[in-house]
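Chain IDs A, B, C, D and E follow the sequence of writing; residue 1 opens each chain.
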Amino acid sequence: MKRIGVADTTFARVDMASAALTALKSAGTGFRIYRRTVPGIKDLAVACRRLFQEDGADLCLALGMPGPAELDQSSAMIASLGLQFAEVLEGKPIVECFVHESEASNATELDRLARRRAEEHALNAYQLLFRPEELARHAGEGLRQGFADAGPVRPRK
Amino acid sequence: MKRIGVADTTFARVDMASAALTALKSAGTGFRIYRRTVPGIKDLAVACRRLFQEDGADLCLALGMPGPAELDQSSAMIASLGLQFAEVLEGKPIVECFVHESEASNATELDRLARRRAEEHALNAYQLLFRPEELARHAGEGLRQGFADAGPVRPRK
Amino acid sequence: MKRIGVADTTFARVDMASAALTALKSAGTGFRIYRRTVPGIKDLAVACRRLFQEDGADLCLALGMPGPAELDQSSAMIASLGLQFAEVLEGKPIVECFVHESEASNATELDRLARRRAEEHALNAYQLLFRPEELARHAGEGLRQGFADAGPVRPRK
Amino acid sequence: MKRIGVADTTFARVDMASAALTALKSAGTGFRIYRRTVPGIKDLAVACRRLFQEDGADLCLALGMPGPAELDQSSAMIASLGLQFAEVLEGKPIVECFVHESEASNATELDRLARRRAEEHALNAYQLLFRPEELARHAGEGLRQGFADAGPVRPRK
Amino acid sequence: MKRIGVADTTFARVDMASAALTALKSAGTGFRIYRRTVPGIKDLAVACRRLFQEDGADLCLALGMPGPAELDQSSAMIASLGLQFAEVLEGKPIVECFVHESEASNATELDRLARRRAEEHALNAYQLLFRPEELARHAGEGLRQGFADAGPVRPRK
C-alpha cells in the first residue's frame, strides 16, 4: 500500500485537490491519500515535508494558484524553490502543480485550466509511483498539463 | 501544551506582533508563546530556527514589513527563501506574514493592513496547529489575509 | 562497472535521451545505464537524487527543454538550482543539458540542436567518469555543446 | 564569556570592521571578538561558518559593500542567500550589514553611511546576544541602520 | 602540507587555471594542487565538493567564464549559488573567480582580464590559507581583482 500526500491551499480560487483526488481514484488502486491544506503556496514545501515525515508519504502532489500581482510571481518562485529543497532532501518526488491566474483570461477558463491540470498532474503522480514505464514511453513528446500537448518537434516514426 | 514561536522585527513600522498575539489569545488556549524580536526580515529565518531548537516551538509566525525601495524587494525574497530553508529543514511550519509598504497608499491603510494581516495569519497558525480541518474546509476558496478574500472562481454548490 | 543515471522529461519536444544513450554507447564501455523519465524539468533534481540513492548512479545526465514563455525561464532557474542542490548534497556530478526552445528559430533547428547538445553532454558525462584528463586537456578552449565551439580567445601555441 | 565573530572584506571601500569593533567595545563587556577578513561578500558566508565551527562564535557580524554595477547586485543577492543558508544551518545568528555604494551620492556620504550602519548593526548584534529585551521593546518602531529611523506608522501611546 | 583544489571549465575561452597555478606556485610553498576540469560553470560546485571530499582539499579556487547571452547571466547566478551551498556545507572556502565576457570589450582585453583576475584570486586563496593577516591588513581598502583597485573612500592615515 503506497501513500500519496496531497498538499493544497486556501489561497487558490479553485478546489484543485478535489479534481486531483477524483483523478487519482479513477487511475487505479493500491494507495492511500493523506491531505494537508495550508494557507498559501509558500506553506506547501513544509506541508510536503510533514507528509513525508509524519504521514509516511511516498510521493506528494503540491497544488497551488499564484495570484496575478508581481509579488505573486516572486512568491511562486520562492515556493517552487522550497519544493525543490524539500523533495531533494527527502529523496522522494513532489509533483508541483501550479496554475497562475494570469494563464487564463477569465473565470471559466481558469476553473477549467486548474481542474484539468490538477487531474493531469495527479495522473503523472500516479504513473511516477506505479507505472514509470508509461512516462518513459512518452519521453520527449511535448506533453503539457492543462493545455493541449505541444507535441514532439519531429513526429515519431 | 503546544508552543508557538513569534518572530518579529524592529524594522517594521507597525507592531504586528501585538496584533498577532491578541488574535492568538482570542483564538483559543492550549499553547504558550515564545517571542524573539530581531532587527530585520533577513534575521527572521534564524530566529525561527532558534525558536524551534532552543525554545521547542511547534510552529512559528514570522512577521515582517519590507520597505518600499528596490533593494527591499530583494531582501524580501532572500528572507522568504531563508524561511523556506528553515521550515523544511526543521519539518515544522513557519507562517510567513509580510506586509510590503508598497501595498498600502498611506499610513492609516498600512497600519490597518499590517494589523489585520497579522491577525489573520495568527489565526492560520492557530488552525494549522489545532484545527487543520478548518483549513481543509476552505481549500480553494480564494482566502486572503489583510485584504478582502478573492473568493472561489466558481461558487460552491 | 560504473552506473550512469539518465533523467529526462515528457515535456521536452525532442527525445533527447535517445540521442544521449546512443552517444554514451558509442563513447565506450564499462557502465550500465539507469533511466527515469519524469513530467518536467522541475522533477529532474529529485529524479537524479533517486538515481543516486536508489540506483547507485555515479553520475547523472539531466535532460530538459524549457518552453518559450517567461514562466518557463523561471522554471528553468528553479530546476537548475534544484540540480545544484542535489549534486552538491550527493557529492556526485549531474551534467545538466537544457535546450531552451528560444535558442532555435524553427522545428528542424530545435531538433538538431537538442540532439547534438544531448550527444555532446553525454560525451562530457562519459569523460567526467572515465577520462577526466580529456576535459583537462581542453580547459579554457571555449567548448560549446550543440553549437559550434566559441574557441579560445588566444590560439594555443 | 560569549564569542562574537566579525567577517569583513578587502573589497569594501570603508573599514567597516573598525567602526563595528569600536561600537561593540563601547556597548559592554562579556565577549571576545574573532575576526576573519576575506576578499569579497561572496566569501562571507563560509567565513561565518568557520567562525562558528572553528572559533566557537555565538553570533557573527558580516560586513560588506557591494559595488555599483549590475553584476554587484547579483553578487549581493548570492552573498545574502549564502548567509541565510549558513545561519539557518548553524542555528546561530549572522547580522548582515551591507552598504551598497549606490546608497550614497558621494565619497563622504558613503564613508559616513558605512561607519554608522556598521556601528548600529554592531549594537544590534550586542543586543541579540546580551539584551534581547531591548530589541523587543522597539518591535515595529521602524528602526533603520545608517539612515534616520523611519519611525512607527502610528506613534506609540 | 595543505591541499588546494582548482576547478575550471572547458567552456571558458581563456586557460585561467594555468595563470592561477603559476601565481600559486610563485606565492609560496607548503601546498599540493588538485585539479578538476569540468564542462561549464554549473559543474564547478560539485567539482569543489569532490575536491573537498575525495581529494581532501582545504580550499578551492573555482574558475569560470560566463558567456555574453542573457541565459549565461542566469547560469552564473545558479553556479554561484551552488558554490555558496557547497562551501557553507563543507565549512571550507571556495574562492570564486568568474570573468564575464561582457566585462571586456575585445579579445585581448578579455584574455588579460581573465589571466590577471585568476592570478589575483589565486593570491587571495593563498593568503586565506597561509597569511590571513595579509587580508586583514587590507580590510576595507577597495581591492579589486583583474581591474585596478577602487581604493578606500577615505585614505588611511
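The rule we apply is simple: a contact is a pair of C-beta atoms (placed from the backbone, for glycine too) under 8 Å apart; a residue touches a chain by one contact, two chains touch by 3 or more.
What you are looking at is a predicted structure, and each value in this text was computed from that prediction instead of being measured.
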Touching both chain A and chain E we find C
Cα centre of chain C to Cα centre of chain D, whole Å, reads 40
Per the centroid of Cα atoms for each chain, what is the distance between chain A and chain C, given in Å? 25
Quick one: which residues in chain B touch 2 or more of the other chains? 77, 81, 85, 89
Which label fits the chain touch graph of this model best, line, ring, star, complete or other? ring
For a quick check of the interface rule, what order do the chains take around the ring, beginning at chain A and passing next to chain B? A, B, D, E, C
Once bound in the complex, which stretches of chain B touch chain A? 73, 76-77, 80-81, 83-85, 87-89, 91-96, 100, 103, 121, 124, 128, 132, 135-136, 138-145, 150-154
Provide the residue numbers of chain D that touch chain E in the complex, in ascending order. 8-18, 35-39, 42-43, 45-47, 49-50, 53-54, 67, 71, 74-75, 77-79, 81-82, 85-86, 89, 107, 110-111, 114
